[in-house]
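Next up: the structures, one after another.
Common to both upcoming complexes is chain A, partnered first by chain B, then by chain C.
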Partner chain A sequence: MRQTLRLLREFLRACFVEEVEYRLNFIGHLLTTGLQLALAVFMANIFFFRADSVGGWSFYEVLLLLGVFNAIHGFIEMVLQPNMSRLVQHIRKGTLDYVLLKPVDSQLFVSFRHMVFWKIADIVLGLGLVVFALVQMGAWPTWQAIVSFFVLFSAALCLVYAIWMMLMTLSFWAVKVDNLSYLFMSFFDTARFPVSVYKGFLRLALMYLFPVGLITTLPASALTKGVSVWQLLVAGVLALAFVALTRLLWRLALRSYTSASS
Partner chain B sequence: MIEVRGLQKVYKVHEREAGFWSSVRSLFDRKFRDVYAVDDVSFSIAPGEIVGFLGPNGAGKTTTMKVLTGLLHPTAGEVQVGGFVPHKHERAFKRRISLVMGQKSQLIWDVPASETFLVNKVIYEIDDAAYRRQLDELIELLQIAEVMQKPVRQLSLGERMKCELAASLLHKPDLLFLDEPTIGLDVNMQEVVREFIRRYNRLHKATILLTSHYMADVAALCQRVMVINRGKLLYDGEISELIERHAPYKRLKLWFDGGREALELLESTLLSCGDSGLKVIAQTEHHVELEVARQHISTVSARLLQTLAVADLTIEDPSLEDVISQAFAAGVQP
Partner chain C sequence: MNRLTLFLNKYARLFQVEWSVMLAYRSESLIWMVGAFVQPLISLAVWLTISGTGSINGYGAREYILYFLGVLLVERLTRSWDVWELDQDIREGTFSAKLLRPFHPIHWSVTQNLVYKSFFALLMVPAWLVLGWLFPVLSPAANLSSVLLFTLAIIGSSAVRFLTGYMFGLLAFWTNRAISIFLIYEMAHLLLSGRIAPLSMYPDGWLEWSLWLPFYATVGFPVELLSGRLSDNPQWIVLGFCSQIVWIAMLGLALRLQWRAGLKKYGAVGG
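Here is the complex of A and B:
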């Protein structure tokens, strides 16, 4: 465990060093994130121009959810996306051999070796928006609510990681999976709004089939409408199960890789 | 140190003809063919030995290396490396080996190589003092003090290869697999890399298995070679014996003062040497190149020196390239 933390710290350090090489990139990125967030808030404003609530959520509640969305989006772009493209490269160019020869957990390595450090701004800005929305609502959450928020938020991160990791692992068989990441992102975009906005089949699908609802709506609910212990439990178990599943799939993929490639 | 018994590796290769319809057909009806990349190979390598692994492209060299490092599961046979079974992927095993591939890079592209070194330091859990010591040694052996501070993308191929070696050896592996470590390098840099391998072997008593397209690498570094072709081990033994067995002749080059007389003399002398396995490779007015069986080389050269006004005479072993291609042509048995 200590070695894992040390590795993660080292990966983060190496990526920081790598990116300092391109300073301008950072400023450009900060501007992009700021603009995107402003645009999202503006969009929310439009939705609330004539209505007091959308799908039962007030303006500041939706803002809070937008904050959660932005933070998770930041996590995807900071950690998941850069590693996905590397894994595809590793497999196509055969440099995965170097990863497999290292005395470290190979799944840990391919999942977290490359991070885009500046995207941490997305996470900070997103959480900032959550705090801002809370302040505007004037109702400070109880400590139970805060704890459930962090549990659900972590579960959401695990879920996103697991879904993403499984898509990545598919590249062992399909080699090129870049398009799958676009598919994921367009699904994920539906998480900008509470699930209750969607109707009928779509809502069911987003709740259970592709659990976008769990990813943003549930953590946001923890701070606004409140969640039940039952929901907490389901989210936690589901998250752990998904992560365990990635582990199995990764092993399977490695076995087929090591017995097939040349 | 390395024990291989009856190693076999079979790939299932999906076969189809070129063209649109056959590719559509292959979606539903796939034909597979077994390819024996390595077939019934056995050998053992002692600690501290440097062994050259020779063979044409696709002979099974890389496949064997990958089985020995645990990247591939053998289809059949037993493999033990340093007391470990490689494909069990034990960490203790991975800490003891290193694989350097001349055509693949592990360095981080946009930053100096020293950053990759630091990442590897944490990966291999090397403590500060040991890291410092090993790095200093590598810097000195490879002369990379300045090179390692430049972004990798700005390095020449030779400089990059040196850093590649350093990154792979920080954890002081005593089992080294080098797959074409000098590929694409100029003669000077090849020599530097070769010298480095030799010193590393001596300094750390490392066992080294080396593949290369350049015979010079193998001739300079290894006493023992293994020749593999189409997955079969054709030869395993001393380089000198390989040469003796598959090139039982030497090359004799002779320069002499020309003229018709001289040429006639040469001809009659060669005739008088009779059945000494003599073959004329090339001839001009002042120069002749002969292949002569080893046991007759001294008599033939003595007779030539007696009869002709010789300006210069050299006797050489055939190049290793020639020997190997002869060996393949003959389909040698170990």
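Here is the complex of A and C:
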């Protein structure tokens, strides 16, 4: 465990050092993210011009949800996208050999070695929007609510990681999975709104099949509507189960890996 | 052979080539198509929740469904994705090879657009016709003239969006952030063109000016032509087409200037 944490810290440091060379990129990136966030708030405004609530959520509650969405989206772009696209390349070209030869856990290495450090701005700005929405609502959450928010937020990160990891592990068997990440990002846009917006089968699918409901709606609920102990427990268990599943799938995939050449 | 037939011949050949390239990647094309369906469907879900069983400014559940089906179609038939390709070609220097061909590189992009858009149209139009036949609620009250106007508006809109996209792509001559600049523009387009809501959902008189920018005229306008919402005010129809024509002319001119300046700036990477 201590070694894992040290490795993670080293990866982060290496990526930071790499990107300090392109400092100007940071400002460019901050501007882009800020603008995108402003436009997302503007979009929420358009929907709320004709309604006081959307799916039972008020304007500031939806803003809070947008903040959570932005933070998780930032996590995907900072950690998952750069690493997962490299993993697909590694498998296609056979360079995964070099990773497997290293005396570190291979799943840890392929998942976290390359991070786009500046994208951390997305996460910070997203959480900033959460705080802004809380201040506007005027009701400061209890410490229990804050704790459950962080538990659910971490569970959401685990879930997102697990889904991506499993999708990309598929590339051991199928060659072209890059498109799956595009498809994931398109469907992930559904997480911009509380899951109560969707009706019938769609809502069930978004709650359990492609669990965006657990990823953004539930953490946001912790600070707005409140969540039950049961929901906390289910989300936690599900997150752990998903991560364990990636582990199994990774082991299985490595067993069938035969490198590219030879 | 005179020059025009020669030119058309070249285009026909290009079309064949690009068509077979597209067929080789048909599963990707389908994935791109399905992925692009999600965004309008989200907006539809939100509006259906907001309106409930009532209606807002003449839009009830049926009108919203028809409107966003229209957005799906128009979005697929007019969207431009040339930025990604141009950015990569210019950054990595593969653009040089395209410059050496005895045919302006823009013609390749135009054919690619024609190929993919015909492919999407071939899939989506029959699909909508079948759906409309199975569920009469889903068929718009369109007649021959509105379909004709719609087709014209689609062509105009594709031209506007293609020219804009190409200009953003050529920014890669100067900066390596062409794609992120384009994404900001796309976000504005999403908000102001009618892709997330019919124009009449916005506060009154808020977006009339968006008709004059390459926003409403490219998505909301064709969709509302199809749904027959504009048949009572012909001046909006005239304005919409005028806006498209003026933009095509201005963007075409600007693109020429930008192209010349850009080529001077271009130093191929890796030769």
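Points worth noting:
Here is the rule we use: the second predicted complex is superposed on the first by the 257 of 262 C-alpha atoms of A that agree within 3 Å, B and C clash if a C-alpha of one lies under 4 Å from a C-alpha of the other, contacts with A are read in each partner's own complex, and residues count from 1 in each chain.
To be clear about the criterion, contacts are C-beta pairs under 8 Å (C-beta built on N, C-alpha and C of every residue); 3 or more make two chains touch, one makes a residue touch a chain.
Since the model is a prediction, treat every value here as computed from it, not as a measurement.
Contacts of A:A14 after superposition on the shared chain: chain B is touched, whereas chain C is not. When both complexes are overlaid on chain A, the residue A:R2 reaches neither chain B nor chain C.
When both complexes are overlaid on chain A, the residue A:F187 reaches chain C alone and has no touch with chain B.
In the overlay built on the shared chain, the residue A:G55 is in contact with chain C alone; chain B does not reach it. In the superposition on chain A, contact of A:P103 is made with chain B only, not with chain C. When the two structures are aligned on the shared chain, A:K93 is found in touch with chain B, with no touch to chain C.
Touching chain A in their complex are the following residues of chain C: 27-28, 31-32, 34-36, 38-39, 42, 45-50, 56, 177, 180, 183-184, 187-188, 190-191, 196-197, 201-203.
If you check the complex, the residues on chain A that touch chain B are 3, 6-7, 10-11, 13-14, 17-18, 21-22, 93-95, 97-98, 100-104, 255, 258-262. Against chain C, the residues of chain A that register as touching in their complex are 28, 32, 35-36, 39, 42-43, 46-47, 49-51, 54-55, 176, 179, 182-183, 185-187, 189-190, 192-193, 196-199, 202. The residues of chain B lying in touch with chain A in their complex are 11-12, 37, 62-63, 66, 69-73, 87, 89, 91-92, 94-95, 97-99, 101, 104-106, 108, 110-111, 115, 118-119, 122-125, 151.
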